[in-house]
Amino acid sequence: MQVVDRKKLDIFIESHALERVEEMLGRAGFKGWSVFEGVEGSGAHGAWRQTGIGESGACLVVTIGGDEASEKALEWLSDYFKTYPGVVSVSDVSVMRGERF
Amino acid sequence: MQVVDRKKLDIFIESHALERVEEMLGRAGFKGWSVFEGVEGSGAHGAWRQTGIGESGACLVVTIGGDEASEKALEWLSDYFKTYPGVVSVSDVSVMRGERF
Amino acid sequence: MQVVDRKKLDIFIESHALERVEEMLGRAGFKGWSVFEGVEGSGAHGAWRQTGIGESGACLVVTIGGDEASEKALEWLSDYFKTYPGVVSVSDVSVMRGERF
Amino acid sequence: MIETALAAAGANLLAPAILFFALGALAGWAKSDLNIPDQAAKTLALYLMFSIGFKGGVEANASGFSSDLLAAGGLGLAFSFLAPFAAYVVLRSTCRIEWVTAAATAAHYGSVSVVTFAAGSEYLRAMGVEFSGHMAAVLALMETPAILAALLIAGSNAREPGARFQPTLWREVLLNGAAVLLIGSFIVGLITGKRGMERLDGFVGGALFQGALCLFLLDMGIVAAKRLAEARTLRVATVLFAVIWPILSGIAAMFAANLAGFSLGDATLFTILVASASYIAVPAAMRIALPKADAGVYLPMSLAMTFPFNLVVGIPLYHAAVQWIVR
Amino acid sequence: MIETALAAAGANLLAPAILFFALGALAGWAKSDLNIPDQAAKTLALYLMFSIGFKGGVEANASGFSSDLLAAGGLGLAFSFLAPFAAYVVLRSTCRIEWVTAAATAAHYGSVSVVTFAAGSEYLRAMGVEFSGHMAAVLALMETPAILAALLIAGSNAREPGARFQPTLWREVLLNGAAVLLIGSFIVGLITGKRGMERLDGFVGGALFQGALCLFLLDMGIVAAKRLAEARTLRVATVLFAVIWPILSGIAAMFAANLAGFSLGDATLFTILVASASYIAVPAAMRIALPKADAGVYLPMSLAMTFPFNLVVGIPLYHAAVQWIVR
Amino acid sequence: MIETALAAAGANLLAPAILFFALGALAGWAKSDLNIPDQAAKTLALYLMFSIGFKGGVEANASGFSSDLLAAGGLGLAFSFLAPFAAYVVLRSTCRIEWVTAAATAAHYGSVSVVTFAAGSEYLRAMGVEFSGHMAAVLALMETPAILAALLIAGSNAREPGARFQPTLWREVLLNGAAVLLIGSFIVGLITGKRGMERLDGFVGGALFQGALCLFLLDMGIVAAKRLAEARTLRVATVLFAVIWPILSGIAAMFAANLAGFSLGDATLFTILVASASYIAVPAAMRIALPKADAGVYLPMSLAMTFPFNLVVGIPLYHAAVQWIVR
């Protein structure tokens, strides 16, 4: 299979920021993403658990794209994380049909 | 810890293809996989949201295995993606108990 | 963006072990993690499906941290997996704000 | 005559179920974070089908298997299978959408909407109009043929993926959850009859059914409003189709029902079925059978235009028209 | 007098809903794996709001829009908006928590708890005390002003993220799901009146409402006990605040209600509203508006201390006190 | 005599709940995409336990705590604890499954199935046979001892993981959600008695309970059929065990119940409990306590063979046999 290198971002954020982050990803040049809902977790802002009462789960946004898009998203996120909880990790992945990312 | 190198595939597909893809993974030589359900996402085929009405979420199939299995799966998927929505990314991971993958 | 290298662990375990594993991660030196619930999967111990009757889903614990923490967690897990089902994969990721991991 | 119809339409507008749909639509439009968890919405949909099927079966048991059922079933099958061909031609010639999307959209309009049926029967009940239990079976029978028609329309091109996914596809088409639950519950109702109804009366009917319908419509309002806001391709022609097609196909259904000698209530429900468009079973089948069709076209049409139109305007309209034709 | 109050308190303690809350708290404390799926709990909460709003609207329809509603609504708005300022000053001077966490906590205590209201009205119903339907609208009106007050308190510091997330924030504040569903259902009830109630009676009231309340309180017991066990910072002062503030603000509410000429039932419910603290709508808003506030402080206070206190001790206490004041 | 039994069995076969189970099984077997969302199924299970426990408690309150309860409880504990030893010996000698899987399977058969109990009591209610409320408490008591027995059987080998996971394990064993909710609701029912039942009657009983049972059995049919299709090791001996063991242990239970002087209804329910096998609480405990046991053996046996057998054939059979023994 012919594959090309891309960046994969795993973005952990609170659900209220989803809309904002997705919009930003589009602007940064990502052509797609997928969102998953966590059931519990822990971080600098304490532990949380999805309960149906008083707490809503953190989300994971997975997005695959080019270096430039990744760089732009990281910049936005670094700013965002100054105010709000969350983390992001970047890793190298290979994908087929490179023109789609 | 003694670890060995393997490939990890992150396969994003619509849920109706799950059974097919899992069967294919088994044939390709993967000895295990895990499936997660997304809550929303976006891609070349537009945006979707898990709603309980008219829409069903895309799924993420994570599977870890050898180079050969990975190659075979990618071939099948590249064919599959000609018809159906979805993407796959491949990354390098280390695992313990290499004989299990 | 200034980023630093860290390890990302993807730990697939049964839900009854969650509390134990999270506690262990804290002891090993991880400062955060996120937990996701699977809907189905397969492995050396057979296939499972989240059904609401008689079966509960396997979970994915994602945690990002330093080499040392990762090493410690792998040691504990290698022991744990002698008795219980599950797998773990390790990959290299880049993160911003390295001091938080 | 017209005054009564208007009064009835007004009363329909002020039914709790319609108002909760409007509330949901407002909340969705204003981007409130109000939402019904997706598993709860799915369960409400299952409950509605369970109740509709079971009640229909019990009533069919009481009135006996008559030739009426055969006639209604046959007519329903025919409409569901034939309507997509007509809809396809109209969509292609007026709406300028690609042929594969047109085929998929046509399937939606040939098939039916369970919740529109539920709202329609509640409307009739509130108006004191009787209808046959077997209309629930007709509802179930009309889910699937439209999908087959779309596959025929799509023809050889669609066969490529269809071939590879045939087992999945046929299962989805013939054994889609909605049809299985509706027909299954109908049969259970038919078998257990009055004895079964004694046990389940307060579950499948009355306030619980009404309440579940209200909650589900609240959710549908939210989802429909969001869908409408996100719709990328909202051409005038598709909007017109989404409103005019139900009326035209509904008129055809009225005359057919009249010819077949349906009662007033049955003819109204049959019209509602024909005029309604699927938004659960057919999209699921289309994702497998015609993956190149654009869900951004057929979902907003069926869910965000035709469904509200039928719910708010269509049901009382069809009822008034049927009263005028069937006598 | 006191004996009757004690007897009533005893009866409250032995109501099924309270006992199921205790069962949940025990299970959570003992780390049993008993738990209500989160989507089910969310749906139960939506159902409770749907029912409370709708019933309130129907009753308001029956008794007519009176000046009482305006008085109660105005008083509710005032209390919800003003209480946070007072609470903030007390929290800062007695509890030694940071200013931003104090502002967020104050918002919780200015706002209200739907389930406490539900438990309170069931208590009154069991005691045979009448109250007005429009108290449900007051409940809805009191959700939001406290959030605005907290934003004012937080002032310029909070504006930085607020500015960037303003659309999201304002939507969350003004269109939070709880307020929209409560007010929306109230209006639907108001419009449909007795006719709507005929259809939905067994859904929004009676055993179904009671049962849903029991199940939801079971879950709240589990969650509250876990929250309490995990609470990192449990200072004596905050525990005292969580118990004494409801009493003090409740007393203020009683006198205000008395001056405004509320009936016994309305005054009791109003007191319960003022004494209660939010644990769903306000935390969600605070995560957006004041992200630096420590949820590990305000959630345990509101959910694991004030809520159980009001549920078990507060409701009968306030009722007894109001009886004594309002005559 | 036999004719009456056959007629009763026939009537049971045609009860809505059984027919919905069959519908689910058919849908699952045909691989229809019909499915109940997992959180909804879990919530239905919780609701059934809530209702069974509460109703049992209220009835026990009405009839007073009698020595009957002690006798039934003691007998239940004994059967649950001792049956696994016998089952283990039989499984090892006839089915050629590994010792650890045999121990885990034995635990399933010593423990009980809540839904089989629910179906059994509905059967008795339909037949007009009375039974004691405290049988719900016996149900709760019989959940756990079988797990302890399996741990004893597994002995030192199992202790290795057991030691490391002891806190989790003991919590799971002693405080598993099913047992806590059943006993807890029983106690709430016992405390609140008739007064509580007045409030919750239409929630815990009647059509709502019947409907929830039907929906849950629909889901169990789907899951059981899928499980059966996936079962890797379906030896004749295990199939035979799954059908014959309930009969044999049921016979022992009948005689014991007769000796202990149980009423006809109580003896039948006790037989049903002993003959039933767990498929929720015990598998969860086994995953922690005996992780090397093969879930691909014990789950299909308990869920896909013994459960349907008891539901369809067993319940009327046991009832007929008990009628013959207890007189």
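Residue numbering begins at 1 within each chain, and the chains themselves are lettered A, B, C, D, E and F in the order written.
In this section, contacts are C-beta pairs under 8 Å (C-beta built on N, C-alpha and C of every residue); 3 or more make two chains touch, one makes a residue touch a chain.
Note that the structure is a prediction, hence the values are computed from the model and not measured.
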{"item": "If a chain touches chain C and chain E alike, it appears here", "value": "A, F"}
{"item": "Target chain F, source chain B, minimum contact steps", "value": "2"}
{"item": "Rigid-body rotation angle, chain C and chain B, from Cα fit (steps of 5°)", "value": "120"}
{"item": "Most distant chain from chain E, judged by the mean position of its C-alpha atoms", "value": "B"}
{"item": "Identity of the chain that, by mean CA position, is farthest from chain F", "value": "A"}
{"item": "Computed distance of Cα centres, chain F from chain E, in Å", "value": "40"}
{"item": "Distance from chain E to chain B - Cα centre to Cα centre, in angstrom", "value": "45"}
{"item": "Numbers and ranges of chain D residues touching at least 2 other chains", "value": "36-40, 42, 172, 202, 208, 284"}
{"item": "Multi-partner residues of chain C (at least 2 other chains)", "value": "36-37, 91-92"}
{"item": "Chains grouped in pairs wherever the two touch, ordered by label", "value": "A-B, A-C, A-E, B-C, B-D, C-F, D-E, D-F, E-F"}
{"item": "Interfacial residue positions of chain D with respect to chain E in the complex", "value": "14-16, 19-20, 23, 26-27, 30-40, 202, 206-208, 210-212, 214-215, 218"}
{"item": "For the chain A and chain B complex, residues of the former touching the latter", "value": "1, 3, 6, 8, 18, 22, 26, 31-37, 59, 62, 64, 91-97, 100-101"}
{"item": "Of all residues in chain D, those that touch chain F in their complex", "value": "39-40, 42-43, 46-47, 50, 54, 171-172, 175-177, 180-181, 184-185, 187-188, 191-192, 196, 199-204, 208, 284"}
{"item": "Residue ranges of chain C in contact with chain B within the complex", "value": "10, 12, 36-44, 58, 60, 71, 74-75, 77-78, 81, 87-92"}
{"item": "Chain A residues within the chain E interface of the complex", "value": "14, 16-17, 19-20, 45-56, 83-85"}
